[in-house]
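Each of the two complexes below includes subunit A, the first together with subunit B, the second together with subunit C.
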Partner chain A sequence: MAQASVAQDHQSSWWHRNQQQITPWLFLAPGILFFLFYVIFPIFQSFNLSLYEWDGLGQAEYVGLYNYEELYWDEAFYTSLKNNVIWLLLYLLAIPAGLFIALFLNQTVTGIRLYKSLFFFPFVISQVVVGLVFTWFYDPTFGILNVLLGAVGIPPMNVLGDENWVTVGIIVAGLWPQTAYCMILYLTGLNAVDPEQIEAGRLDGAKGWKMLWYIIVPQLRPATFIAFVVTIIGALRSFDLISVMTNGGPFGASRVLSFYMFEVALSEYGFRMGYGAAIAVVLFLIMLAFIAYFLWSMYKEEKAR
Partner chain B sequence: MFPTPIERTPRSWQVTYQAFLPLALILWLLPLIAVAIFSVKPDSDFANANYWGWPSEFKGFSNYWLVFTASDMPQYMLNSFKITIPTVIGAVALSCMTGFALGIYKFKANIWIFFMFVAGNFVPFQILMVPVRDLTLQLGLYNTITGLVLFHVAFQTGFCTLFMRNFIRALPFELIEAARVEGISEWRIFWFVVLPLMKPAIAALSVLMFTFIWNDYFWAIVLTQGVESQPVTAGITSFNAQYRAAYHLMSAGSIVAALPPVAMFFLMQRHFIAGLTLGAVK
Partner chain C sequence: MRSMLKTSAAAFAILAGTMGAVSADGLTGDLKIFLDTSNPAPRATMENMIAQFQEKNPDLNIETTVIDREAYKTQIRNFLTANAPDVATWYAANRMRPYVEAGLFEDVSDLWAEPAIADNLASTKGAMTIDGKQWGVPYTYYQWGVYYRKDIFDELGLSEPTTWEEEKANCQKIIDAGKKCYTIGTKFLWTAGGWFDYLNMRTNGFDFHMDLLTGKASWQSDEVRKTFANWRELIDMGAFIDNHQTYSWQEALPFMVQGDAAAYLMGNFAVAPLRDAGLTDDQLDFYQFVEITPGIEKAEDAPTDTFHIPANAQNKEAAREFLRFVVSPDVQTEINNGKNLGQLPVNANSSVDDDKFLVQGFEMLSSNSPGGVAQFFDRDAPAEMAKVAMEGLQEFMVKPDNLDKILARLDRARERIYK
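Our next item is the complex of A and B:
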């Protein structure tokens, strides 16, 4: 009995001595395992899969870099890539637009809090619903867009049926919630702007644009950084709106990589998992550039503190 | 404050601003106002091309009644709740633990594990799509709510860990040191010292996750099909296919589908915004 209690003592003191080393791993284990299983491994699996021809059911056949070679000759791939670039560029408009609305709402009048939250509304709603509503707006037979265009003498147009306009039309729908998001980021940022610097600027005669550009915007850097990150990621992830509004059409003109990949891998066109994986790898590498930049800035900040 | 506080501007500008506010709001929310008006119109208005005009009569009750009785909407809503609630609980619980480990302890791999979570959270869904779908099929969880929940929990743990870890980092570390000096075990420090302090973060993350998961569409169509397991976002699109020209029903359905996250946002607004803007101020 005495021995048992010694052993227990020994054990508990071993635990006691090492618990600060072991505890973090016990806390991390479930999260890390889950994440590796569902997120990290699948990334590598997709890389591997892109070297195979596979219909999702039968035997996968190793084809080396053939899928990438096919991608190189694939017109639809270039259309998607071009649209991804358009998305990236136009989506960034959400940042100045959000700043503009934030400045407009940054006052203390009665009811302003309600205004702020109502302006934020579009972000809370599913993109599926947003897509549906904008589809009605653009409808060539009854859409309100054509009613408004007619009022200023412009002939009616079928935005979602026009190869040249369809991507822009979808992006406008996407900009609506994204602008709301950036607005909230900037409203919070504006709260933290140093009033003394503004006063100093006023004494030096800075007003309006000059004040905004030289004194306010530099202080909003953290908000701008986050707005930039979420907008870029959002632009590259765009899928819901395209799927709901046009299903990639007309004639594939509104496809982006994320949608084209889905189409290739999971639709009646083919179940070509390997080819889809190759498209996903390209999209991943593009996003990786931004992720790396983001992590790098985080790393610098971590080291600085 | 910038721009100049409105009280310090000329009276005329103050009046203009006050008048402009509601006008701007109406313009901004025009798409939503349109759906709301669509949803109370009678069917005949659409047949008579009265799309954007005032409803000829109020049919809100019967439109909404139809959505609830003659469509699959209630089932989709129920599915959405069954997916969203366990996901929120799971992802928040896991990330409380990972956030605690990464925020409190110093060990070599700390920053790399943290970066793994952050990077994974920004990955495009498409690179995960085929393997995750395959994995779910192999586990026999394809087209089940459990399958969808498990994936969501795993994926959202990335964002939630980023959030929790940064929040815990900002807590006063002396509290933990004091507890250690008292000889309190690490587990009890987590449970009795840190967790109570994390309440605002837990609230913020919960509303945020609720909205994200409720609004998910991509994984819903990749991992499920059919009325038994699909959430309301996927439901709306099949609703759309079914009632193509029934704009009044579509609108009523969309509003019903959008309501839970909207209600959540209004109830927990402060937390929601605190969650979204994490890091936007320094």
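Our next item is the complex of A and C:
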């Protein structure tokens, strides 16, 4: 009896001593495993695959850096890269737009909840539907855009059929739901704005822009940060709108890296797995730059507390 | 073990059955069929046909899976390797090459050696042959050609053209009347491939066209430039509808239905939606694409849809029997009639539905295409080349001045793709 209790005591004390360290890892274990298996491992697999030429069926052939060399000569790759940059820049407009709509909606008026939901609505509907709606809007023959343009005397244009306008046209469609997303982030942020600071600011004579810029916006920093993160990532992984609205066309002018990767690797005429992987690696490196920056600034913030 | 015995017994029965010319009843086991005929009408047709086959083989356990046509194109790569059915639909010519080369399709040359198939399907044998062997059987095909608004032609006093000069003269009159000659939607690129097929086959002939699509001829050759020069004549006239790069082929139909455009170079599958949109057979007619270079034998596009046995199939004997059934004259007559697929039967002994367009198409393909029968741009050329090239064709239709750049790009792609 005494012996048993000693053994038990010894056992429980080991558990007892290490419980604090082990428990979180036990809880994390499933997540870590899945993350390793479905995220980290495929990343290295893509790196590896990009060194091969493989059609997904036969034997993969090792070609070294040939796929990257080909990317260097590939016009379509540069078009995609350029469009990715345009997406990154223009998509950021969703942040100020979302902020102003949020400020506008942050009032106590009867029915404000209804207006808020209406503004949030585009984020709820599927991107595919957004794409279709905008495709009809832009339709050069039957669309309402040209009717509107005609009313103010501007000649009709074919937004989605013009290689100079097509990317902007798709981004505008993408901004619609993205602005709604940023708006909701700011609306929650505005709830947390300290009324005493506003009061204090008011006593010091701050009004309008100054009030916004020096008192409200700094307090919205966490919301801005999240809005920035989701918008950048949203811009880099833009795919569905392009697929629905133009299918990469006209003649490839609206491709971005993620769409081009899909096209060469997985679409009807594709199945160049190695080349697709090479594009994916480039896109990954671009994303890595942003992600590293976000993680770094998040780390800094945590440390400052 | 018992099931193995059963299948080998069944195999023996089939062997005996075909040799003794007795109908090969008594197939057993499972037969898994994958279909890409996901549209309602073809789907029902296929399901009826399979039900008939089931009736003839009551002991066979048939399991049919219908996959969305577009999704099928990517899924086939997975299921052929991982979880192969016994029978699968696909397309002829170069579109089946990757699977043949990867050893994923069963060699069915033995079926093609049987007189019932060898004699009656001779016309499509070429499209099913790679490396001297046959890899599947065709179940349907359809003609391409110019579908036009007869009432508009009558109104303007035009008749069906037969030469390039007449074609252009007709077109000029249509344009003068404030309409467009041709509707087309190039958003998904392949429609432009159809125009190129015809212009190139009529300008340079079938053999050159095949050389070009199989990488033997250069895109920067004088022949190809001549083809594009002919095309450019139409583009410069304003023959095609504006903004075609934003429309799919279906979205381009209303222009013809509303009478803003007079004709559509398309496959026979365009007839059904045109009729559904309210055009009667008095308003709608068909003519063969005109001669361009005099003396060149006319060749036609007639894409063929096919059945294959995956190399990893479990029940290949039943699958072979099913293939025999599918290409038999009666089944061919039935599944291709106007109520079902509305296309052309491949068996020479079956009869063509008396639908006006099918009759004309059958006549054209059987007696007026001595040059040969092509599958289609994206089926004759390797997929990768087809993609790059069709994008170039679309660009040419919008910006004909970029031709030199486009052709140089295609030749670069050609050097990479046909190694």
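In the analysis below, the second predicted complex is superposed on the first by the 272 of 305 C-alpha atoms of A that agree within 3 Å, B and C clash if a C-alpha of one lies under 4 Å from a C-alpha of the other, contacts with A are read in each partner's own complex, and residues count from 1 in each chain.
To be clear about the criterion, contacts are C-beta pairs under 8 Å (C-beta built on N, C-alpha and C of every residue); 3 or more make two chains touch, one makes a residue touch a chain.
Just so it is clear, the structure is predicted and the values come from calculations on it, not from any experiment.
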Tell me the contact category for A:57 with respect to subunit B and subunit C: first, second, both or neither. second
Per the contact definition in the header, classify A:158: touching subunit B only (first), subunit C only (second), both, or neither. second
Which holds for A:252: it touches subunit B only (first), subunit C only (second), both, or neither? second
Dominant contact partner of subunit A by residue count, subunit C or subunit B: B
Have a look at where A:266 lands relative to subunit B and subunit C in the superposition and call it first, second, both or neither. both
Determine, under the contact definition given at the top, whether A:46 touches first (subunit B), second (subunit C), both, or neither. first
Touching subunit B in one complex and subunit C in the other: list those residues of subunit A. 56, 266
So in the complex, the part of subunit B that touches subunit A is made up of which residues? 1-3, 5-7, 17-18, 21, 24-25, 28-29, 31-32, 34-35, 38, 49, 51-52, 94-95, 97-98, 100-102, 104-105, 107, 110-111, 113, 115-120, 122-135, 150-151, 153-155, 157-158, 161, 185-187, 190, 211, 214-215, 217-218, 221-222, 233, 236-237, 240, 247, 250, 254, 257-258, 261-262, 265-266, 269, 273, 276-277, 279-282
So in the complex, which bits of subunit C are touching subunit A? 70, 73-74, 77, 80-81, 98-99, 101-102, 104, 187-189, 242-243, 245-246, 378, 383-384, 386-387, 391-392, 394-395, 398, 409, 416
The answer for subunit A against subunit C in the complex is residues 55-58, 70, 75, 138-141, 158, 160-161, 246-247, 249-252, 263, 266-272
Where on subunit A is subunit B touching in the complex? 19-21, 23-25, 27-28, 30-32, 34-35, 37-43, 45-46, 49, 56, 103-104, 106-109, 115, 117-122, 124-130, 132-134, 136-137, 142, 144, 147, 176, 181, 184-185, 188-193, 195, 198, 211-212, 215-216, 222-223, 226-227, 233, 236-237, 239-240, 243-244, 257-258, 261-262, 265-266, 273, 276-277, 279-281, 283-284, 287, 290-291, 294-295, 298-299, 302
